[in-house]
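In the two complexes that follow, subunit A is the common piece, with subunit B as its partner first and subunit C second.
Moving on, here comes the complex of A and B:
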């Protein structure tokens, strides 16, 4: 043995798992942020419903709050009842 | 009268004393006359209104001791009510007490002031105090005076021939004075004769006679001056002499003598006829005072003679010219003659005009000649000296009314006429050599003439632009490297010039700014890039030349340059790339400096500009926290390879985009990496991690026969080195297979290990470049002084690639920005002509764009149906909703 690793400093970039897709509500790619935000990342996170559809959290919250009846809060993609995963 | 301030009384008193000393007895008498009147009035002041203080009382006392007998006479005057009434309003005590007037009468200038303000109305008020005379002694009168005095006491009838007799004595006296002979009658008597004549309303006749007498004398002397053989001879000689030697002084001296004599005579005459001057003349508007009459006669009969005048004036001019040529001349003579001209009120017509013409001519010639001969600093010093000389001339003999035209004439001829030439010839050299003293001189001189500073400012700006362009567009790559430092030095230099020499003149400060902004943006993008790189080099660790304060100052200066840059996005891209490198490799010199730079940028360009940069710092801090938690997590696990792992986790949007690449890690490393992945994803659901092997780095412990070393290397270098644990000799192909590193990258990595400064590998065969089929062995003979060695990656090629990609990205971003701006504008305007759209775009966009680029973007937007061409006007666009 001639060489041994003492210390390793690595670099990793994190992305959303749904990265290749775009948000069903605002049509922006998940890689980018919702139209109300300026910077993607922690400040504009994604959420998944039980139906496994992801949205920008700002987009889905806006959608949900625009729904009249709380009971009828549905996923805009599949019309199942929306529940956060 | 009641408000006579002590100062006036003092002046009066000292005047009397001065006159006394000079032996002009009768003036003193007259003076005392008024003085006592003042005294009397002061005494009669209501004690409530104003107290005589000690000083004034002392003066009163002194006045009494000087001429007690006048006092007595005065006393008599005031006992006689009628006389007093007659006398008091006529007295121009106010004018007399005016120090200005007093001085005038001493310096033989204008005569009596016809001052309208006779405000001694309170004289003789009720409650007048008794005048106490201390140390009073009766002095025996002269017989003549006695006689005259007796008229005053008892009413007197004048005989018909009184005028004749009286005038005869006066005539004799005047003629004696005119011939500079002693006057036989005492002047006091003469004065009283005049007084009497006036009182019996014979003033007009006396004035007439006096005028006639004076006129005859003056015109006679003028004729003598011109025709008398001796004078003529002298005169001719003088002219001859003047022509031969240029000496005009003798003529001037004669003139001066004549003038002085005339003045003295007129003063004497006036003193005798003072009463006339103050009563009849003062109240008759049509006649001039005796002094003015004298001046008038001199003007009309002597100086207005064309020959005399022209020769005097040309003599004066010659004398002044001589002085200007550096000779010493009699300034008192000049002063006296010029004073004469202004007293005669022909200074302006007769002298000033010609003088200014001569000056103009002289300096025009001198200016043209010296501008050619001398270099600029010498010329400027010369001009400064000239101005000083002229100033002295004004101080010493010229009339102060000449100041404005004279100085402006010199300024115009010596500076104003040569502005362009001086600037062309000298400014650049002065600035180049940083001759601050000469530059300040130039500024102060140019500030004197109209347009001077404007021209200087324009030339200054032009110089900055010219010099700046050569800095910004260097002929070789070497210049690029030093460009920013040169720019900083240049800016420093110009700033100090503006501060020291140009007095921080706002125009110059602005023109420096404008000029810098202009030339720095003439070369697109490169300066912005170089400024970012310059900052990188200063903020990198290992740059220990500067203390923190120095660094801070330097950053401030760089910010000034940054402000001039139009394409700030280019700067941001490069700065971001460099900052990322500094943060990831841990090369940043000081977090404080980084943060302060960030806050400066934020201040300059707003939060939008720096939010990504701030995000990078945030990422680094978050990563630290995560690593702490991870270490704790690992310490609770079993069967973990002993490896010290630190991971920086980056948020996509903040950092520059890195090309993903896959390499084969050692199994131990892969295990460890997976442990971390699991740990991280458990904490943050919905995410995935993409590792960037190109950015990672390691510290390796290497065991050499000569000693053990710590090697600080990149992850790729580490991977290559780790392969030597298994075998002795590895070929290029094997490396490729084992590590899966991209070919170009692998070659560079191996080159850095085997052909760089620090050679831990040996290449077979030897050579600078890595070729196919090359083999590598571990360098057993490796030695190095240091214990911890950093092996640099070979950057050259990478940088050009990076550079291009950074530029590429910037241009891409710009395209989006242009698109967005066009759509924004069209959305608000609905329809807009091409040119107006361009105008608004240039306004909105913060980076330089070319019209052709914009056209392309408009085409593309039309293709994408964001807008369309106007149906009627092909040069207009309309927005498509």
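Moving on, here comes the complex of A and C:
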């Protein structure tokens, strides 16, 4: 049987490669965006700390910027000092 | 809404609402042992009423303690407050019922308290972790920064005398007895054995409970189905919904 393809539609899926399913801060799935964004993906990316815990960048930034004391700039998950990886 | 926090005043409360709706749903589906949770008013996710069952083999065994959890508009960036409605004689509970526990304190304030930032609130804490902390604090008070000094002194006397000084114990037991009347009024059977206490009720939330669609009106299938293939986010036909659109 010969098949002639007249038309095709490409479909792609994407997923963040993270150890976890959802952001521990906003509790939304990583594949969704933080509650302040509307479009997931590059506009609302994940960041990892050196401790390897990922968060939506907007969520972790909001938390860190609310902590004036450097000593309080901890990873919310493991409470180690937060440093971007 | 009269509650406006200064730092995040411009932030809509929708993210707090979303986080709370998720947590509430999660707790109804998979209750924390030793607790009952409901909303104070059905339409307000920012105030919860919890009933705490006194853990078996402790002074609190059989007790039924009610408390209100109040969440700030910028939750989970700021902690909720916990206030007992039932009289609780405890080193870490104020006269008015307010609970004093380090994980409910923001990291920034009161540096003199001696509480380290790592013991304080952070946004990955949630109702589940709070409730578990509360129950462990009940039986193991923190006497370093007591909210009720008299209770703290009395507790230490009881503890140091290995239970020979019964003043603390007697007060607790009396409060437990009183609280049981309240349980009866609410039609609640407080579990007395470790076995009953630990069994997680499998029952689904009653159908007359809050319709979460009111709060969380998205297409994500948040049900943790038994078959956990972890592949269901956004896989439905309703494709393009980011899960974050307001409806």
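Basically, the second predicted complex is superposed on the first by the 68 of 85 C-alpha atoms of A that agree within 3 Å, B and C clash if a C-alpha of one lies under 4 Å from a C-alpha of the other, contacts with A are read in each partner's own complex, and residues count from 1 in each chain.
The criterion applied here is as follows: a contact is a pair of C-beta atoms (placed from the backbone, for glycine too) under 8 Å apart; a residue touches a chain by one contact, two chains touch by 3 or more.
Here the structure is a predicted model, which means the values were calculated and not measured.
By the document's definition of touching, of the two partners only subunit B reaches A:6; subunit C does not.
Contact with subunit C, but none with subunit B, is seen for A:66 once the two complexes are overlaid on the shared chain.
When the shared chain is aligned, subunit B and subunit C each come close enough to touch A:31. Contact with both subunit B and subunit C is seen for A:39 once the two complexes are overlaid on the shared chain. In the superposition on the C-alpha atoms of chain A, the part of subunit A touched by subunit B in one complex and by subunit C in the other spans residues 31-33, 38-40.
Subunit B meets subunit A in the complex at residues 584, 586, 608, 611-612, 615, 643-655, 658, 669, 672-673, 680, 684, 686-693, 695-703, 710-711, 715, 718, 721-722, 724-725, 778.
Of all the residues in subunit A, the ones that touch subunit C in their complex are 21, 24-29, 31-40, 59, 62-63, 66-69, 71-72, 74, 76-77, 79.
Within the complex formed with subunit A, the subunit C residues making contact are 7, 11, 14-15, 18-19, 22-23, 76-77, 107-108, 111, 117-118, 120, 122-124, 126, 220, 230, 233-234, 242-245. Chain contact summary for the complex, subunit A toward subunit B: residues 1-19, 31-33, 38-42, 45-48, 54.
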